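Take a look at the structures listed below.
Each of the two complexes below includes chain A, the first together with chain B, the second together with chain C.
Showing the complex of A and B:
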């Protein structure tokens, strides 16, 4: 045998760091979205390896120790946690990709048809107005846009010919007509027909399940913005909660942060806590990436830009809370439309990004591109997903990152047809079922006078209540979306609002009157409504 | 379907038979039980490892197999039917969609009995909820044992070491060690440099050859 041959020695020299390459290759297999994290981890690990004191025998332990002391353990934990909350559970290996997007064939088909309608509408807008979907800006136009980047709101282009591609009520019509072809349904009312507008038999949580799911919201748990008892001053809980929040931030632990925000965020900590949950750390690369997006906006003129302008003008600019953020909204939304990393979320979104071909190359697959580059066509009210975040983040690149992450985690579900529990179809059904179980008389009354409750609440849910609630209340609501990693709270709140106004609603005799009763939600307090609805009524 | 590590066993799936009380044509209620027989090619037996299928509104799944046991002297004794899976739940709530169109795999360790030397298979599908017009199972495949179960989607990196970890393929007559060593090291340095110079995040180009001039969206 003798001494080990040279190649073994050589090999052991190469692989002196067995845990390192395997760690790196393991990480590299995980999604590209944390490429940067991997790279940084690898760099620090390599630095640590150059330390001459490293011994082969203890290398594994050393690396573990190094990860812990350098803070990388926490960063990797947060990254893994982030993956777990965004991506669906591993699907059956035989399931084709479309099954991962949406498991029910008729839902996929409905989403496909809906997309076709949107495409047709966009195409006909192009044809009618005689403008292309996208073209390069001339040098002068580029200079002009660059010079007024921070005051795009002052520009008043004539957008009278543009119209939003669709509004929530168009989308509701589609959801109302959604049917499972294998479901026994006849026109005659029977026990199988739902009394509400949504007719698909999805499983939604009932009140006991919701009570369990939203356990931390119960009456005995302290909540920000609620002063429960006349004897105990609310500051007692709030000060304690604030101290705890600071601890969570020091620990830099996403999971702890997510648990913490279920009781609401102190205003001063919200921005940091949300960033921690969403695993957003603003690095120089992120600012660079944002600048890159900005330069893409400067270079290319897209038709969707006009839709975004129009939407901001129609919604946020008219809003008492949000009009001051007009310029921010343009910046974030225009950059968002150019961001190809958003395309990744179509892996788990039932929607498919629209496709086009470079001019003159129709049908040539190597010239096929997605349009807009992020694959998301904005609809009427889209900018309201960004607007509330402007209160939290004043640095555009950070604001942008947070918005993008919230969108690809949650908000895309509010305008795609899917069977996901947080999808808009399930939310609608949950709302109708809750109202029907909780307040059968009110439900029946509104139905009889032709004021189906969902016709009123749909727009609230599609916009995640943005623009309807006062901002402090809205942020408390969104705390729970992040905290429970679910949009179901939107349906619960919508039902709670109806319950709160039940007495007035029982007196109305038309849809318009019912709408008038529920027109102004800006005085409502979110947490008491939710608590009363879920925990204080005898069910 | 991608690459399967293993082919499913060839078999014939007979048309399903619905069980119903009364006359099929006049009875208003729909059948709640469907029986499907699966036969293997003439006198063949398989050691069942895994069953994979896509559900279509079946709530409970029962599996019965006919096993051929080997008697003394190699003579085959009469076969007998055994239940190896009883009312396995595919839809937790039969009235709602959950699980209704999902893929399932059932492997031998989930079975109630041994599933070697299986000669025939009978599937009993139940759907107690009257709201569904039809129920069945689709894309049914039986995988024989002795080999690994299908590994589609199983990431290759778990079973194969990455190139830098793989030992060099060495032959009997070795070339000059120093030369190889320096060459390989250089290559290694080059790959490391390549890896290190990979952009941390994607550049995110959406244009093709500098152009993103588009007229209309494509419907296909």
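Showing the complex of A and C:
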């Protein structure tokens, strides 16, 4: 890179001082992160001051009343609730900040090594192709990009030399080699080894715990898209559920919305309910912010742009459901790569944003910048995190905000090495344990023929099933991710799919044949599968 | 068990032949005795022409009505719909109610259209009312987007008329008649792209009218970004969604072929616009299909040896109003993608199950009302007999507040079809 790029000047990133996980710092963060919220509150408070009826003696009560009637009480509640669902529970006050990211040293180390590998691969592509990581576009190039902003899909640059930095299967190899150094790591199979591919000991939920955790999914509770629930006729449930959903929206209560979506969203309310859970409100500032990101895209050309472009072309552009939204995907993903506010999530992500150095200053910390500016290097299939959201939000800036929030809350965990219960390692282990415990014959059979189940299900989980399920079913699944604030449902569904196809899988004799049995998930109904697996099998 | 059905076709498409063979039917040549002939529109013209004087016997069935062109030729369809509206108006039917601007409230579903050269003066009059409008010229008798172009200046049409007069004498014959229609310049865009709907409709009899709607229609997307600007008028890829045209665009994708299922469309619209307007849109689409069939029913030669599967082309505008663009008598049976192939195979399969029940030797006197289980992906769209026996006052009801009169009985995606009662 030549001179310091714009995103470096703009912000000195989060590394300055990660906050102490105390109530005090939590509140200060609340203040910081909701400056806008506060500004607005202040503004309306000032307006109120001019009201002649205000008396000092009843000020406290008046303020309480004002907060209630003006809707600020709800807004503040939602803001606090949002923070609570994103940030980890406070740990010991003397724990160093990296423990918030990941408490196990060997996980941190593995993640660090993985990042080095990715960065090396990115750098070598740079050198091979003779393309800089970032460069300013000429005025003409800027004009051209601006004019075709809404139809980037029609452009056909030659990307044959570019290849995705990594694909899910490369990542799986890394996870398979994870070992806890405190454990005896004999490669000989013994009763102590896990029979699956994941060899680290982490606590994952068993079926009774899952039953309790996903209590609202049980057979006697009504679900959207299930029409044989025991107690109420489906039409009645759906109408009642719709009415309730409308009520939740009127109340504008994030917590209520999150509880509500556990039973699935009516299609027509989903977009609003999700926005409420994620506390996304699309103010004029948000649109302005998006426009700012867009102008950053217009001004600078990044190497990751080509990776994004290639990824969309390889995945969503060929997808029966998502090809229509190709152009939105470019817009959202290119803006995402420039968004330095995404860096905030590295406070609780085990990953650390990659650094690059301004040309000639290699290794000199004061010339380091994060690259890409948002710290996230896209991999093969990354665009599928955005694609399903295009069915819900047809306005790019809103689509963008929703995606960014879902990413920094959930999806980053699907490609970072950590011990978090929603982290991909735990999901893999949960999947393998469920299968091994409840379908031991199937698990053993597949293992014997060299078709380890995780080799097939890994890509489903890394993509949160996007591109594998029909969109309506996928959205019902993601309802539960938001509703339970957890990705564990992905592992449960993956196991449920194997259970559902168990008879056919018992007959196959090779990995390829097993893959063929599970190649098409587009006809599956998510909720019945989950319910049968969790609640209807004798356990 | 009576003998096996003997079939002929002059359309060598595997989706047809596989279906015939699956039923164990026997292929014969057209000069032999046949029971079932899946023919092109050219052949049907000869079969029913006065010169051949061919008479079909009771055990023979063909896949077209003799004068299907009353519906499937662009000029005749418009003529018939105009006539139908006038008749309803004369009868004082509430369906023919107009708004303050003189527009039909419930029957304004075809873009303003004129025949050329016959209605040239009427067209000029209309054009002058709204000189910035764009119009689309289509030859009456051609399909798959052939010969279509857009104009937005009177001079263009004058030039066209000069050119066609001076070129050859053939072009002056009636075959080269054109229709000119107001171009829908505010189409609904999804992902910034324009699309139209292709829906399949099966008519088993016109009098009484009985028709079925195929649930698995699809949207056809333009591969190039839509722009209403006039500079792109010559770029047909922007405006036409026919696969035959789009296939020549650079961006044509052979995996999905630019096709999106109707269930995707419904999911998208319900999610972004709400359930009510989405259901209203689909109700209106059903409504305009039934009205177009009612419009041609009186002039259609309701030959009892015939059934027909039509390809309806519909464009939705950004106010979610559907417009009937045209009806095809021979919807393409060429498969552009693997999914397309499955769809068309099933379409033919379900069509045959209704037209030739149980795959037995046809008897054209049978009552043509198959049981619900035999419908496959078809749903009854309208059954005149049933409508008359069940709801003699439907037309009146539809007047009060619920223009489309379909509410509450909608066939739902899930296939729980309670759709019979409104009709």
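The definition used in the following text is that the second predicted complex is superposed on the first by the 496 of 539 C-alpha atoms of A that agree within 3 Å, B and C clash if a C-alpha of one lies under 4 Å from a C-alpha of the other, contacts with A are read in each partner's own complex, and residues count from 1 in each chain.
As a convention for this text, a contact is a pair of C-beta atoms (placed from the backbone, for glycine too) under 8 Å apart; a residue touches a chain by one contact, two chains touch by 3 or more.
Everything numeric in this text was worked out from a predicted model, so none of it was measured.
A.B. asks: For A:144, using the defined touch cut-off, is the partner it touches chain B, chain C, both, or neither? Pick first, second, both or neither.
C.D. replies: A:144: touches no partner chain.
A.B. asks: After the superposition on A, what does A:136 contact: first (chain B), second (chain C), both or neither?
C.D. replies: In the superposition, A:136 touches chain B alone.
A.B. asks: More residues of chain A in touch with chain C or with chain B?
C.D. replies: Touching more of chain A: B.
A.B. asks: State whether A:153 touches chain B only (first), chain C only (second), both chains, or neither.
C.D. replies: second
A.B. asks: So, does A:325 touch the first partner chain B, the second partner chain C, both, or neither?
C.D. replies: The second partner, chain C, only.
A.B. asks: So, A:271: does it touch chain B (first), chain C (second), both, or neither?
C.D. replies: second
A.B. asks: With touch defined as at the start, can you tell me which chain A residues reach chain C in the complex?
C.D. replies: 150-151, 153-154, 156, 227, 266-268, 270-271, 317-321, 323-328, 390-394, 471-472
A.B. asks: If we count contacts the way the header does, which residues on chain B are in touch with chain A in the complex?
C.D. replies: 1, 52, 54, 56-57, 92-93, 95-98, 100-105, 130-134, 139, 150-155, 157, 162, 164-165, 167-168, 170, 174, 177, 181, 184, 188, 198, 200-208, 211-220
A.B. asks: Quick check on the complex: what are the chain A residues that touch chain B?
C.D. replies: 6-7, 10-11, 14-15, 18, 21-22, 25-26, 29, 32, 35-36, 39, 91-95, 99, 103-105, 116, 119-120, 122-123, 126-127, 132-136, 180-184, 192, 200-203, 285, 289, 292-293, 296, 300, 338-341, 354-359, 361-362, 366-371, 373, 419
A.B. asks: Where on chain C does chain A make contact in their complex?
C.D. replies: 190-193, 221, 223-225, 250-251, 253, 255-256, 258, 260-261, 263-264, 267-268, 270-272, 274-276, 278, 339, 414
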